[in-house]
Each structure stands twice: as C-alpha cells, then as structure tokens.
Amino acid sequence: MKKLIVILLLAVTGYFLVDSFMDLGRTGPVVETGVKDFYLDKTVSELKVANTITSIVVNFRGFDTLGEVTVLFLAATALGGILYKRRHHVGERSVLFPSSPIVRAGSKLLFPAIVLLGVYVFIHGHLSPGGGFQGGTIIATGFLLMLLAYDNFSVSHNVLSFIESFAGIFFVLFGFAGMWAGGTFLENFLPVGTMNNLFSGGIIPIVYILVGFKVAAELTGLIYTVLHEKES
Amino acid sequence: MENQMFEILRYGIYGGSISLILIGLYAALTKRSLIKIVIGLSIVDGGIHLLLIAIGYVKNGTAPIFSPGFENAVDRMVDPVPQALVLTAIVIGFAVTAVALSLVIRLYRHHHTLEIDEIKNLKW
Amino acid sequence: MVGSPVLLIAIPLLAAFMIPLLGMIWKELVRIIPGLVLAFMMISSASMLMYVTNNGTIIQTLAGWEAPWGINLVFSPLTAFLATLMTFMGFIVWLYSYRFKRNVDFEPAKKYFIFLMMLVAGAVGIVITGDIFNQFVFIEITGISAYALTAFYTGRNSAEASFKYLLMGALSSSALLIAIAIIYSQLGTLNMADIASKIHLMPAGYKVTALIFFMMGIGIEAEIFPLNGWAPDAYTEAPGPIGAAFAGIVVKAGVYAMVRMVFTLFDVSGAMDILLTIGLITLIVAETAAIRQEKLKRMLAYSSIGQMGLVFVAFGIGTLEGVYAALFLMLNHAIIKPLLFLSGSQLVFNSKEKLIKEVNGLGKYMPFTAVLFALGSFAIVGLPPFAGFWSKLSVLTAAANEGMLLIIALILIVSVIEIVYYFRVVNRIYFFDKAEDLIPQKPRVNAVIAMSVLGAIILIIGFNPDVVSTVLHNASADLMDTPQYIKNVLSAGQSLTN
Amino acid sequence: MIYLIFVIFLGGAALTWLSGKIHPILRDVVFLASLIVPSVLFYMNVEVGQTVSFSLIGYKLSWGINYLGYLFSYIVVGLGVLAGFYAIPAMKGKKNLGFFYSNFVLSIMSMLGILFSRDLISFFIFWEIMTWSSYLMVVFQGKDVQKVGIKYFVFSAIGAYAMLMAIVIIYSLNQSMMISDLVSSFASFDPTMQWLIPILLLVGFGVKSAMMPLHVWASGSYSHAPMAYTSIFSGALSKMGIYGMVIVMVSLVPIIPEGFWLRETIAWLGAITAVGGTLWAVAQDDAKKLLAYSSVAQLGYIIVGVAVGTPLAMLAALFMAVMHGLFKGALFMVTGAVERQTGTSNFTEVTGLIRKMPWTFLAALMSIIALAGIPPLGGFVGKWMLYESLIGSSHYILVIVIFFSSTAAFLYCYKFLFGFFLGQEEKEWAHVKEAPAMMVVPMLLLAFGTFVLGAFPGLILDPINAGMQEMGFASTQGKYWEMSMLFNEWGDQIMLQPILYAIIAVFAFFAIFLTIKGFKKTRYVTTKDISSSGEVPLEHENLTFSVNFFQPFLRTVEPLMKRQIDKYYNEFGRGMEALFDFTRRVYTGNGQTYALYAVIFIVILLMFKNTLFGL
C-alpha cells in the first residue's frame, strides 16, 4: 500500500521534472548569453588556463571550492566525532580476512603507479581533464587498496591531519594574499604565463595542488577511520 | 539523421537522469534498511548530477578545454558551469554520504538493527 | 569599519583548519580560538552594520570578478542585521558552552568547537552570499556541522535524531540542486541579482516549478510544516547550547534564504499567500504539539517551530510593516529562545530523561537560572513589558492593516495555547516540590554571564523597543526594494574599478 | 512628575525584592515606602488633565489622568495602601515575601497605570502587567497552580487578546492609538467594526470583572491568592474591568446603531452573574470561596448598572464600585485574619470567635451590613439608586432578578457572620487571640468608610459626578444624584438622617444590653454539650452549626446549580488537549515518513501550482 502511494507520488514528481527539463534541448534557454560565454572568453584571454572547468572551479567560483573542501574537512571531522569511542584500539581492523598473495603483490606494484597517476592528474588540472579532486581521489584509492591488501598497513593520523590542515590553511592564505595583492579574496595575483604551459594560470595550479593534497589526505583518513570501526 | 540521434540522446539522458532520481527516491522512501536508504539517496544524487551535466550539453559538443587543436572550438564547447557545479556537488554528496554511513554505524551500535521502523525512540 | 564581509567566512575557515594543529600545542586553544573568532565576527559584523546603516550596502566581489560572473557577498542592512544577530548568538553559545564541555574528552571537545564555529560561519555565509549555488554550499556546511553536533552525545538517541536530520537534509540538497538546475538552464546565471533582473523572461511554468523545489529545499532548513519532522528530535538530542544555536542561528538562516527567494528572486504572485498559509499551518500544528510534550527541550523545540511559523505568517502579509514585524519577531526569537534553551538545559542538566516534571521545585535551588527561564517564558508568550510583546504587536498591526482579522484571531488563540504550556513549566519550577534524588546543577560563571546578557537584552528591548527599530526599519526596507538590490550588486563592479 | 511616580513604583518593586534578601524589616519598610511615596506624590502633584506624551516605535503614547480615573484611583490607592499595611503582619513567616511584596507594588502600579493611560498601547501594557502580577499572586501559595492558576491566566489571556485584537483593529482603522481619537472617530467606522470592537473590548473587560460566562476563574483565584492580596484583587483589580466597561458603554456603545441590544445583553449577563454568584456563594462552606462568589455577584450588580447606562444607573454602578471595594476589601481582610489566627477559613470548623476577636467581628459586621444593603451603611445607597434607575428605565424584570439575588445574598451574609463569629464555642479555638492591630486597623478603617459614605454619600458622589460630566452625560440639573429621591442637592441624605439616628440608637442600646448581659453569669456551651437529649455525640462528629447550613434552600435551587459552566470549559479543555495529542501524531518518529511528507508536500504544490501561484 505504502509502495503504491510512493509510486504514485513519484510519478507525479517525475511528470513535472520531465515537463521542466525535456523541452530544454529543443528550445534552449530563454537567455542566450549566460555567464558561460564570459567564462569561456576570459579563461583564454586573461587566465591563460586551458581547462575552463578548472578556471571556474578554482578562480571564478573559487569561493565555492573553498566551501567544498571545508565540507569535506567537516565530514572527515564529523566521522571521527560520530564514531568516537573512548577506548580506541588502534591497529585492530574490522576487515581482518587475509588477502591472497596475488592481491598483496599486485597492490604493492600498483600503489606507486596509482599515486603517481593521482599526482599527475592534479598537477595537470589546469591543462587537461582532471584536477585536485580527481587526483586526490585517485591517490586515496591507492591507499584503500593498500589498506585492504595488508592488514598491518597503517597511516599516521597525525600526518594526515597535518597535511589536511596545512593544505586548508594555505588555501585560505592564498585567498588573503590575493586580497592583499589584488584587492579581492582569492584573486589571481601571480603572473599567468603562457597558455598550455605547466607553469601557467597564476595561483590556479597551486590551489588545485593544495586541494589535491587535502582531498587525498581526507579521503584516506575517512577510509582509515571506517576500516577501524568494529562491531561491538 | 543527426537530429534524430540527438533527440534520442536527449531523451536518453534526461529520461535516464530523472528515472535515476525517481528510483533513488523510491528506495529512500520504501526500503526498510538504513543502508539501502543511504544508497537511495546516493542514487538521487547521481541522477541530479547527470541532470546538471545534461543541461549544459550542446549539439556536437566538445569538452570545454582549450587543448592544442581546440582553440577555436568555443562555439561547440559544452557549458562548463554545470560541470564545475557538479564537481562541487559530488564532493558534497560524498561528504553527506560518509556522514550518513557513520551515523548508520552508530545506530547499529546502539539499536543492533538497521530497520528504520524499529528506530523511533523519538516521536510525537 | 572593522574588516570586510569576506573575513566573516575566511577567518573561521582558517581557524577551523588551524585548530587541529593548535590543539597539539596546547589543548585549551581548541576552546579559546573559536571564541576569539566568534568574538571577532561579532565585533566585525556589528561595526559593519553601523557602516552599512550610514553608507549603504557593501558589495564584496571575490576572486576579482564582477557581480554576475564571480561570486559576491552582499552586506546590506538586512544581511548585516542578520549576520550581527547570528554572530552575537554564536558568541553567546560559545560563552555558555566554554566550560560546559569541560568534562568531555579532548577529541570530541575539539570537534564540538570546530563545528560550532562552522555552524555560525555557514549560517552567516547563507545570509551574506549573493549567489544561489554558493548559498547551497553554505547550507551544506551548516548542515554537516549540525548533523555532527546533533550526534555529539553518544549513548543517547542522538544518532537517530541526527540521521533523520541528515535524511531530510539530503532531500533538501537534492531539491535545491534541481531548482538550481532549472534556473541555470533557463537563465544561464547563478547570481541572485542577475536572476532577479531576468526572472521575468522565464516561462511561468518553469519558474513556479523552480520556486517549489526551492521552497522544499529551504523549507526543510526553515522548519516549515510538513518538512520539520527532524527538528524536534534534533533540538531534543543535541546538547543544550546547540539547541539554542539551532533556534537562534540556523533557522534564521533558513528563513532568510526562503524570504530572499520569495521576495527578491521570484516575481510569482501567489508565493506570499503560500508563505502565509504554510506559516499558519506550521504555527498551529507545532504549538498544539508542544502542549502535550513531556520533555522540556522537545517542548521548546516545538515552540520554536511554531514561532518560525509566525515569522512566515508575518512575511506572508507581504507589506513593509509585515516584513518589519517578521524581522522583529526573528530578532526576539533569536534572543529569547536561546535563553530558554540555555536556562532550560541547565535546569534539566542532571536529570536522566530531561522530562518537564524533573524541573519541579528547582526555583529554590537554582534561583538565577529559574528566574531567567521564567523571564524567557514571559517574554516569548508576548507579555508586556518584555521584548516579545512588541514583535507580537507589530505582527498583529501589520495583519490588521491588511484586514486579516481571521489570522489575527488564530495567532491570538495559538498564543493562549502557548501560555498554557509555558506557564505549566514555570509553575512546576516554582510551586512544586523537588524530586528527592535530583541534584540541582549550579550554573558556572560563564553560563551565568551568557544567560544574563540575553535576559538584559530582553528587558532593554522590552522597555525601549526603539533601540532596535532603526535597524529593523532599514532591514525591512532593504528586503522590499528589489530594484535597489539588483542595482547595488550589478553596479558594484563598475564602482570598484574606477 | 507622572514619570517619577511610575519610576518610583518600578524601582520600589525591584528594591523590595532585593531587600528581601537582606533583611525582613528593611524589606517591609521599602515596601511600604514604595507604596506610600508615589501615592502621596500622586495626590499632591498630579492634577486632572495634566498629560505627558512620548513616542515609542512609531506609536504616540500619552499618560494623564481624568476625573473618572481619579475616582477609581481612590479605590486603587486607598485600598492598596491599607492592604499593604495589613499584609505585613498577615504574611509574616511566609516564604518568598520579597517576591510577594514586589508583585504587590507592581499590581498597584499597573492599576494606576491603567487609569493614567490615555492611549490603548499603554493601557494594554499596564493591563497585562496587572494580569501577570496578579497571576503570580494567585499561584503564590502553590496550591492547585496547574488548575486554578492556569485557568486564571488562560481566561485573562483570552480577555487580553480579545482586547489586543480590538486595539490593532482600531489602529488599522484610525492610525492612532489615542483613546480620545477612537471616541471621536468611532462614528465613522463601518457597522461591522462598530459591533466587533466593543464586543471584543467587552470580552476583555468582562473577564476581569468576572462577567458570566467568563467568571469561572474567579472563585479559585480569589480564594487561592493570599488574603492580603485578595482584598485588592477583588476590591480594586476587578474594578479595572468595570472602568474599561464604563468607557466602552458610555463612549462607544451609544454610537452603534441598534447598540441598545448590546446594552440589554450585557445588562442581562450582569443580572445572571449576580444571581448565579449569589447562589453559589450560599452553597460554599469556605469563607474565601463564599466571598469570591459574592464578589462575582456584586460585580454583576455593577455591570447591570453600567450596562443600563442611564445617568442614575451609572451613578449607582460607580457608587457601588467604590462601596464594593471598601466592604469586600474589609471582608477578605477579616477572613485573612481569621485564617491567620485559627489556621482555617472553613465555617464548619471555626465557630464562636466573637469573644476572641471582637474587633474583627465589628469590622465584619459593618461590612456585612454594607454588603447586604441595609441602611444606614453605604451599600444601601447604591442599591437604592440601582433599583430606582432600573425602574426609571422600565427594566422591570431586571429589577425582580436583582431583587431576588440581593435577598438571597442575606443568606450568605448571615452564614459568614454566624459561621465565624457566633454559635457555640469549640475548645479547639480557646487559645485564639485577636489579630494584631496592624491588621485590625485597616479593616476597621474600611468598614468605617462604608459607614461614612452611607451617612455622607456626597463625599464620593462629587467625584463620580465630575467623572460622568467629563464623559459627556448631558446634564440638565448639574448633579445627577438629584434624580434620585434619596438626596437633596448637597448630596447628603435628608430622609436618611432620622433613620440613621434611630439605628445608631438601636445599636447603642443593643451594645449596652449585651454588655450588661455579659456581666451576668453566662454559660458558654460547646457543640458537643448536648447531653440533655440523651444521646452523647461521638468525638469525631462535626456538629458545628454551619454543617449543611442551607440544605433545604440548596435542595430547591439544585437544578439551577447543577449546570456549572465550569464543567463545560473543563470538558472543552480536555477535549482540545486530546485533539492536540492526536494531531501531534503526525510526527511519527520514523524518518522515512518525514521524507514521505516532504515528497507529498512537493507533489501537492506541483499539482496545484496553477491555482496556488495564480498562473
């Protein structure tokens, strides 16, 4: 009965959603020139960044990104807080089955490659698809692999929180530096260089690298915390 | 022909994303297990992200990246803004899911069950 | 003018990232730093409020891009007023909980203060931002802090409350994203002022669908019926000061967001009536639910929801007077309800179940706390000469000027119900005998200071409401004047460059 | 000067509370000072017509006193100060006295404030301060607070909010809060509002003056407050309702077309109040409850007078209002004194106190005579004028009802007097002593006041006259009391003087007779001293005279009494709470249901968006 009601309700919602979105591709937006044209224009002409998405994420809407990394930071902190127990047995895992030697050997081989790929992705975030979030996530996957393969593999919480905090602090400090140098928070105050060079785009790659570090550290921390959660 | 393809694609993407939203909502509203509810919410998130990406699509679009060779493709570039928004939204969705799962763990610790009907000590 | 609007966000973020490191140096810093940050935010926004009152709106562009393209912060009389109120309340809550959390382990305590600070920063962000997606991000910051704070105590049902909150919060963010998607797909912009200037181009059907999804998304934060199921649970299970913070800070941000949508962004004719109706239903359902509660904080929570309903009723009247009354109500509610939460949680501090009947006879043992609770009760039901009376009067006058006699009657009937349940508690505090096994909790000095500041404000506003009327008048005029808002925001870039 | 009075009151209230924590004597001194100093300042320095104005969040407020207010101020201040003196010994030894006294001061301040208010906002503010300060007094002793206290507050709140609704409507029509503006522009309001505003205001005032069917709070609240406070609660505070009613009835109701029916309804409600109050009073065994219902009944007379609204009726009503303040104040003080000395106020327990507490008895006797309306005391004058005005305005049935009620009032008068003071003495009360002088003197003064006003009604009729002229009663003769056949133009009686002297002579004779008789060897018996009948009563049997005092009478009127409105209110309240208990179950506690609500919410809005959003 309840399911029927839910299906009916969802059908109505779905109808209106379809009604709102289906026409879009056909008629297009009512306002032809949105902010995107400005972004596409300025990314090339002023920021000298190839990846428009990166320029939007880090520069035009950099404030959002700052909020976003804060959300991630808060989630990591919240996870620790919610799962906090007074007697915290470090080193004991809930996932204790032994991995096969193949997985272990393979992980050991893959781990550096994964980390390297992650670093590559966030360093080249302003040039090619990718960026801090993506790279950070890839690195965290490497750590997840290691954590699953080796039940004695551990990462230092302190190191993680150092990385987390420093990356965050520097992000905000870059914002302040922009304010000091250019007048507004997070302003791109460094020389932008030439398009499609690794060292171009002013603070954009730097900030994205910071974001990459932060995301990697936080995701690893999250995985680590949850892996150490025991049924009681 | 090209137009037809585009129409099909359009229906596929919009219809697919909206169905994802509805499926996720259905799971969140009817499933008894907390984990399944969280999964449902994640599916809703996924659907919405797809929807956001879809609204930025233009016919024969290309990625909004000015790689060598694509410097003059501005007209064909898809809208980069929704992609940036989705990047943010994914991270936020991930954060919320992580918190939700940790709460599920806490609830399981406390109630020794994952049935949402049995977890209502607070009511009225 | 001390600082600029962006510091209200950036400084707490910086502090939040630094606290884990500073905590390694000296543990007490994790308690002190948030207080300093909140104090800074309070002073800064208060001084900017004064600046704004004299010199007009501050528009802060970010990352060097002008208004429709970059994100911008709008520090207008309205947002300045709300930001000042929120940061002040944040500071009070910090002051109250400074030593309250002494008996908690270091790790949770650290997190508690980080989350408290981010709760305030997120709420301030919701208010001062000029971009709908940025607002969404701040809603999530506030949300995650709130989930974590709700689940702060282990061993209670706090996880359950937090999970419900999170479930609703997730739905809220989904709805917001859908609404943002509709708006962006039609208008190609995310800036509030830009949207407001172009919204008339949008087909009415899409516009209303977007508004409905916004209403649902923000309505969950603003505790309107029937989206407020999470609220009583979260208020009850969160630590006492956090209940105060929810009532004084988070909800206010939600209400602001809702009102900004309806008044500025959308030019939909029926929206005011919807607001009015929803407000009335919320008011009636919540207040009638409050009368039969057994737990003190749950009762306060329902009362808080009801007051928010009243705020929406006042906004829904739609005139300048209505807005003025609504802002006045928000101000009073933001002062009084935290006082009730703070003193109330002090009253039930040592009881296990936090039941109303466990406050019996505590008036003798905790005279100061009890007096403040009684003062809060008197004020919230709108007895003169306390603060609540003036806001209630202004709501009624605004409604009467529009000829809404039935609404006046309903508000007053509900007020009678409110009187019944508040005075039952006050009677219990003073005229019943204390349970033998209950040990009264003597409030600490910082808690006493925090509560008496609130009490003093109630008396000051009660005896001379004119101390706030200028600020409120400016704020309400600011909310009503959409063209001016658009002009302020969209011309800020030009004025910045030359 | 006007500000100063209120500042002293407020500061006095705060200081009283604080000094209560230091030393009791200091507290008593501060308390009396904060009552007396502003009162003296008021009578010395404030002239009628002198006003101060200021503005608060856009409302223009104005304070000043007029003749009508001046008249009521006599009741408030006079009774307040006397009750203040009385309170000090009466309340001795109780806890939280600082709180009690500061509320006492606040009550007096708020009542004076009501009289000073020339605008509706300050009127309402003082009204509410009066309400909550009196509420705190009702619950002060901590008995039945959840029932009696809440009932009082809920009814007060209903009244106050009805008034507030009227006030905001007036403001929306007039854009002015001044009472004078209301009166001058009331004629231009549209007819619905002309009906709605007075009715709402009357509900507000009717609650405080215990008009049927809004009286149910009265008995419990009057009897639960400390007697020292009840004397002003019943004597002065209820008169604030009368004060407001007078303004409405004189200034607004005559303007309404067909307003005649409103008058008649109120008059009949007053009459029913009088009858009902009297009957219930007769049935009571507790002096406090008896007096409480008696207050309700007396206020009913006053309401009848106000509602009928001819000059003579108004004169009678105002005179009775003053009178009621005097004798009811005294009677509650008497009850308080008896309760303090014996520990109970129940007739079935206390008897034969006349020899133990003679002065208290004297005060009680005089007040009871005044209450019953026996000449030569003041009560008679008021009742006479009321009858005369009712007959003069052809309200014959009303006269009969009122007459029935005031005859029945003799029953409870007798019961009160007899129950406490006459009858056999019980051993249990052998040790009882006269109350302290500080309690006896205020009540004797009040009782003597009834005597003075009975002999020289002109003393109070002059201010009443001034007040009525100010309200615009068209006067042909100059002084309204000339319309009554009772008075000559000086306002004292001529016809009464012989009667007065005769009665004084009778009193003197009886006093002498009793004294002489007292010298004889008199045998005082107890209730158990009935051995002559052969059956020796058991120890625990209550043979006090007052047990089942008026049983035959009560049996007769039982059908009338059974339909207590109180019951319906209680049923209603319980029903509402049950309903609320049911509705709050929408919060099922299941997070999924809440999510479902959210979806339902959005679906409803989406489905009806065309109608809801006016597309």
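A, B, C and D are the chain letters, set down in written order, and residue numbers restart from 1 in every chain.
Methods note: contacts are C-beta pairs under 8 Å (C-beta built on N, C-alpha and C of every residue); 3 or more make two chains touch, one makes a residue touch a chain.
Being a predicted model, the structure only gives us computed values, none of them experimental.
Participant: A-D versus A-C: which interface comes out with more C-beta contact pairs?
Facilitator: Output for the comparison: A-C.
Participant: Could you put a whole-Å number on the gap between the CA centroids of subunit A and subunit D?
Facilitator: One centre to the other, that is 74 Å.
Participant: Any idea how many Å lie between the Cα centroids of subunit A and subunit C?
Facilitator: Subunit A and subunit C have C-alpha centres separated by 30 Å.
Participant: Where the centres are mean C-alpha positions, what is the separation of subunit B from subunit D, in Å?
Facilitator: One centre to the other, that is 69 Å.
Participant: Centre to centre, by mean C-alpha position, how many angstrom separate subunit A and subunit B?
Facilitator: Here the centre of subunit B sits 16 Å away from the centre of subunit A.
Participant: Can you list the subunit B residues in contact with two or more other chains?
Facilitator: 21, 25, 28-30, 37, 51, 55, 79, 81, 88, 92, 95-96, 99, 103, 106, 119-122, 124, in rising order.
Participant: Which subunit A residues reach two or more other chains?
Facilitator: 6, 10, 13, 16-17, 21, 24, 34-36, 39, 61, 64, 67-68, 71, 74-75, 78, 82
Participant: Using the touch rule from the top of the page, what residues of subunit D touch 2 or more other chains?
Facilitator: 584, 587-589, 591-592, 595-596, 599-600, 602, 606
Participant: Take each protein chain as a node, join two nodes whenever their chains touch, and name the resulting shape: line, ring, star, complete or other.
Facilitator: Topology of the interface graph: complete, with all chain pairs in contact.
Participant: Quick check on the complex: what are the subunit B residues that touch subunit C?
Facilitator: That would be residues 21, 28, 34, 37, 41, 44-45, 48, 51-52, 55, 79, 81-82, 85, 88-89, 92-93, 95-96, 99-100, 103-104, 106-107, 110-111, 119-122, 124 of subunit B.
Participant: For the complex, which residues does subunit A have touching subunit B?
Facilitator: 2-3, 6-7, 10, 13-14, 17-18, 21-22, 24-26, 34-36, 39-41, 43-44, 50-53, 56-57, 61, 64-65, 67-69, 71-72, 74-76, 78-79, 82-83, 127-129, 131, 133, 195-196, 215, 222, 226, 229, 231-232
Participant: Would you pull the subunit B residues touching subunit D in the complex into a rising list?
Facilitator: Spelled out, the residues of subunit B in touch with subunit D are 25, 28-30, 37, 116-117, 119-124.
Participant: Mind pulling up the subunit B residues that touch subunit A in the complex?
Facilitator: So the residues of subunit B touching subunit A come out as 6-7, 10-11, 14-15, 18-19, 21-22, 25-26, 29-30, 51, 54-57, 63-68, 71, 74, 77, 79-81, 83-84, 87-88, 90-92, 94-96, 98-99, 101-103, 105-106, 108-109.
Participant: Could you pull out which subunit C residues touch subunit B in their complex?
Facilitator: Subunit C reaches subunit B through residues 133, 137, 140, 143-144, 147-148, 151, 154-155, 157, 159-164, 166-167, 169-171, 173-174, 177-178, 180-181, 184-185, 188, 190, 232-233, 236-237, 289, 292-293.
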